[in-house]
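Quick one: the structure is below, and I'll ask about it shortly.
Should a chain be cited, it is by its letter among A, B, C, D, E and F, assigned in written order, with residues numbered from 1 in that chain.
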Amino acid sequence: MQDFYAAYDKIVLGDPRETKLDPEEKRRVAVHESGHAVVAHYSPYAEPLQRVTIIPRGMSLGATQQTPSADRHIMTKAELESRLRVLLGGYAAERVVLGDVSSGAENDLKKATEIAFKMVAHFGMSDRVGPVYHEHRMEHPFLGQMLATEGGTSDATVYVIEEETRRILTDSLEGAVHLVAEHRSPLEHLTATLLEQETVEKHELNALLGPSVTLPGALPAEPLHARGP
Amino acid sequence: MQDFYAAYDKIVLGDPRETKLDPEEKRRVAVHESGHAVVAHYSPYAEPLQRVTIIPRGMSLGATQQTPSADRHIMTKAELESRLRVLLGGYAAERVVLGDVSSGAENDLKKATEIAFKMVAHFGMSDRVGPVYHEHRMEHPFLGQMLATEGGTSDATVYVIEEETRRILTDSLEGAVHLVAEHRSPLEHLTATLLEQETVEKHELNALLGPSVTLPGALPAEPLHARGP
Amino acid sequence: MQDFYAAYDKIVLGDPRETKLDPEEKRRVAVHESGHAVVAHYSPYAEPLQRVTIIPRGMSLGATQQTPSADRHIMTKAELESRLRVLLGGYAAERVVLGDVSSGAENDLKKATEIAFKMVAHFGMSDRVGPVYHEHRMEHPFLGQMLATEGGTSDATVYVIEEETRRILTDSLEGAVHLVAEHRSPLEHLTATLLEQETVEKHELNALLGPSVTLPGALPAEPLHARGP
Amino acid sequence: MQDFYAAYDKIVLGDPRETKLDPEEKRRVAVHESGHAVVAHYSPYAEPLQRVTIIPRGMSLGATQQTPSADRHIMTKAELESRLRVLLGGYAAERVVLGDVSSGAENDLKKATEIAFKMVAHFGMSDRVGPVYHEHRMEHPFLGQMLATEGGTSDATVYVIEEETRRILTDSLEGAVHLVAEHRSPLEHLTATLLEQETVEKHELNALLGPSVTLPGALPAEPLHARGP
Amino acid sequence: MQDFYAAYDKIVLGDPRETKLDPEEKRRVAVHESGHAVVAHYSPYAEPLQRVTIIPRGMSLGATQQTPSADRHIMTKAELESRLRVLLGGYAAERVVLGDVSSGAENDLKKATEIAFKMVAHFGMSDRVGPVYHEHRMEHPFLGQMLATEGGTSDATVYVIEEETRRILTDSLEGAVHLVAEHRSPLEHLTATLLEQETVEKHELNALLGPSVTLPGALPAEPLHARGP
Amino acid sequence: MQDFYAAYDKIVLGDPRETKLDPEEKRRVAVHESGHAVVAHYSPYAEPLQRVTIIPRGMSLGATQQTPSADRHIMTKAELESRLRVLLGGYAAERVVLGDVSSGAENDLKKATEIAFKMVAHFGMSDRVGPVYHEHRMEHPFLGQMLATEGGTSDATVYVIEEETRRILTDSLEGAVHLVAEHRSPLEHLTATLLEQETVEKHELNALLGPSVTLPGALPAEPLHARGP
């Protein structure tokens, strides 16, 4: 089974390169990944954890892998909010556990901002912006980043979209900080385990973190069951 | 007759591909299409329903087909408002029936925004903007999306156009939500039927939904009769 | 004489194509063209009517032809205002007679906006903007539409120009609505005649509409006589 | 001598083309040129009149020629203000004498705006803008019109420059209107003469208009004498 | 020695061309150059005068040459302010002595604006802007003028930079006007001498203007001595 | 050992060129470099000093070298703030010791602005901007400077980012000024030594400046130990 994962890792995440972190950095990465894992584990609608690792691969200093979801075609607002919370879980853990944030959250913030932007500007998920599609940014085919499409949106409306994007991300961060603080003890346990053995697999994660949350208290009218393989 | 429609479907909507939705997604698509159908059925000026399906085809996860209208050359303000209401019917149904909206409304919002924008900026249908043509966006010949034409409209005026566009879309959504809530029972009946048999044809739709609305209470001075084949 | 006009029509307006309007659309076109004709007939400074038709040709669903004016080199403010009133006569008639406007006024609004813009930005005809030339838009040599010239005008000044343009167009529309309402009876007579015989020539128009206005009450200090062939 | 001027006209102004103005247009051109001439004649710092004509040439419907000045290297603020007053003299005369302005002032407004813009943005002649050079527009080498240079000036500062430009042009127009109104009788005499003989030469102009102004009341500390050949 | 300077002039300033100024222009140039010279002579931190001339060369109608400074690597705020004062000395003299400014100051204003802009945006010399580098303009490699680099600075911040630039230039002009007014008698003496002999060399300048200022009253904590050859 | 450093200098900093500073400039450079050194020596989280020199090399007039840090992968907020303080140490010393700043700080301001911008816009280190990634600028691959990516950020949000960037830099400068003022005596000692011997090595620096600061009073919850070779 370990062999399978090693192969999977090579293919999906690239060959491990000889990235040499100093001890403080290593500890920070462990805290950061533990944050993602804890928020994913205790969030409704989030996909189940598969493994957590602090072995650097390619550009990544660590990784929290969730069960590869079925090829989803529709994402509800609640599912997207859950994904944002998980993405900001590493940043939240650094702030709560280490008292300071770092440049290591850059990529998480970038991904989370793109999702929150789409919720507001493309999916009609902000009451303030309303059921309006704003052709403002799209992913550039070559550069792999969001660019303005010159759709002619006014600066004032772009600002409203940004304010709503910021509100959604700030709420998501608060949710993540809350979950991290509430489950700090298992989080630190996970961090210590990661520093010892570098990778923690699904069964160990469940043992460390206890029962995960799949049916939240505040369900929509028709609950969507957790997706599985 | 089924054969004919299958052929028609292949030509117009593309070959059905093997899109595999999970059960929750399938239910959401059925609710969404039922929303379009119910709003179309009970809206004045909307074209009569032809069939509703949740069999995915091409990029589309479902479809609500209205009688192909004669090649129209002029659209009145009332007809355009009706079209907007139908476009937002799926979003309205997700909100009312499932308590949550999803990314599945993106394309509807995009089409509706383009229509509302033209009403305001090109057709003189907003008193606030007045009988003025704003050369602000046009469909890009290759990219198939609205782009700024650099017509030099000021940011302040673009914002007024956007506010009017948003007002029209918000009013249309309210209309759609009202119709969906008022006719929730036949809507849920249609959803259940769609989940059972995947496609519902015209005669079944009329049996399920009762008499449609073609002559509204608030007619313009000279009523325009419903168009038929 | 009919032969001559048929030839003239082919050359100037393009071959009649097989555009098939539904009855409601046809009635709307007749009302719209009657609006242009009535406003032209009763406006000072407007060129005399030649014929009105609802036979579609090329992109056009109908046409109101005025006497081809001599090759003018100078247009006064009063003449330009008259032209705007005539251009908005179709939109005014749809609103007054049919209680609703339509997408059919798009091209009229576009032409009227270009004229009003030039009055404000190039001809010094707005006291608020003053005797200043704003190099802001010009007709694009290939695309046939107004484009920003990147003359570097500030957004605030562009907005003032737009407000003045809107004011002029709103005033012109009020003038057109006033004339249409005042002369509604001959207008409806013309509409009915158009629906019967599709085209109405100059002599019939004069019989239907009575004496035209060429010398208005509110003349400038030195009246400019109506231009004729 | 007439031969010489005919040759000069061909070279400088282009061959006379067969431009056929209607009588109202011709009268308007005569009033317009008389306005330029009267303001030039009674303005301090303006170059002496050479001839006035309403024979169309090239794009021009008429012309007021001043003594070709020596190749000037420096223009003072007072000289530039005088030039603006002369440029707006035609527009002023149309308003005062005909009660209405026309599209015929477009080119005058364009030239005057360029001069006023340079006074404000390049020559430090506005106290509000101050002794600052704004790299905002320059003449395009091919298109012969002012274009933004993308010098990065803020919109707020561009607006201040435009307000100052407008103030200078409005003041210049007031000066021109004042001179036209004060000297209306010789102006109308000149207009009538132009309509009779189409061209009025220097000696006739001086006979018609009386002594010109070269030494104004409000001189700068060190008066600059009128330039002559 | 004269020969040497003639050669130097040819190389540095270009061949004298046959620029023919009228007497008023010549007098204005003499006053303008005297202004530069007087401000340079009485300003702390300014480089010592070498010669002043009103013989036109290339694009230049006159020149005030200061001792070629050693190849400087650092300029202090006080030295840059002194350079600005000298650059605006010609404009100041035209205003004080001739009561009117002219287009002849354009190039001085352009150079001064570039220096003041850099003080604010690149050197941290404005407390309001702070110790921030704004990548907003740079000299275009081919066009030889400042262009926006599209560094993405907001319009509001560009405006603050412009306000600070204007403040510095207005203060420098006030300083220049003060020095010109205080030393008007030697300035007029220099102007008269220039009109007589066209060029005034260093020793004559010192005789005409008296002792120069190298150690100002308001020194920084650690005075920087005047630079010499 | 000297030989080794000479080789190191050649490779890393380029060959010393014959840059000839005047005495005032040399003194300013010595003060400037002493400022960097003193702030680095007394700042928590800053990398240990290696040497300080006022021998010009390439574009640089002097250099303060810190121990080459291990290849860092993550920078905390506290470490980045420390780096900013060191970068502004030269500017601070010029202001405190010489009473005047100079153009010599341009490159320091540029680097510091880029770091502060990233803290705010990419790393989520400003509470006012929030956990949002703004795709606004990136380093241009060829030009080596920050350019707008046209990510479509609104002007209002760019301004907020700039205000936060300015706040961080102003705070950093205050910190640097405080350290410079507090340690002025060793700073002047270092300046004098630099002027005598041009370069001061690590052991001399430690002797001159006393014990450095590696464990600050205001530590984050989990202190990060100083990094060393």
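As a working rule, a contact is a pair of C-beta atoms (placed from the backbone, for glycine too) under 8 Å apart; a residue touches a chain by one contact, two chains touch by 3 or more.
Predicted model, so just to flag it, every value in this text is computed and none were measured.
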Legend entry - Distance in touch steps, counted as few as possible, from chain A out to chain C: 2
Inset, instruction - Could you tell me the least number of steps, going only between chains that touch, from chain A to chain F? - result: 1
Inset, instruction - Compare the two sides of the chain B and chain C interface and say whether they are made mostly of the same residue numbers, over half shared, or of different ones. - result: different
Inset, instruction - Starting from the Cα centroid of chain D, hunt down the chain whose centroid lies farthest away. - result: A
Inset, instruction - Please state the rotation angle, between 0 and 180 degrees and to the nearest 5, that superposes the Cα atoms of chain E on chain F. - result: 60
Legend entry - Intercentroid distance (Cα basis), chain E paired with chain A, Å: 59
Inset, instruction - Take the average of all CA coordinates in chain C, do the same for chain F, and state the distance between these two points in whole angstrom. - result: 68
Inset, instruction - Going through chain D residue by residue, note those that touch at least 2 other chains and give them in order. - result: 149, 153, 155-156
Inset, instruction - Could you tell me which shape the graph of touching chains takes: line, ring, star, complete or other? - result: ring
Inset, instruction - Follow the ring of contacts from chain C in the direction of chain D and write out the chains one by one. - result: C, D, E, F, A, B
Inset, instruction - Quick one: which bits of chain B touch chain A in the complex? Just the residue numbers, please. - result: 19-22, 24-25, 27-29, 61, 88, 91, 97-106, 109-110, 112-113, 136-137, 145-149, 153, 155-156, 158-159, 162, 165-166, 169-170, 172-173
Legend entry - Touching residues on chain B, where the partner in the complex is chain C: 70-78, 80, 118, 122-125, 129-135, 149-157, 220-222, 224-225, 227
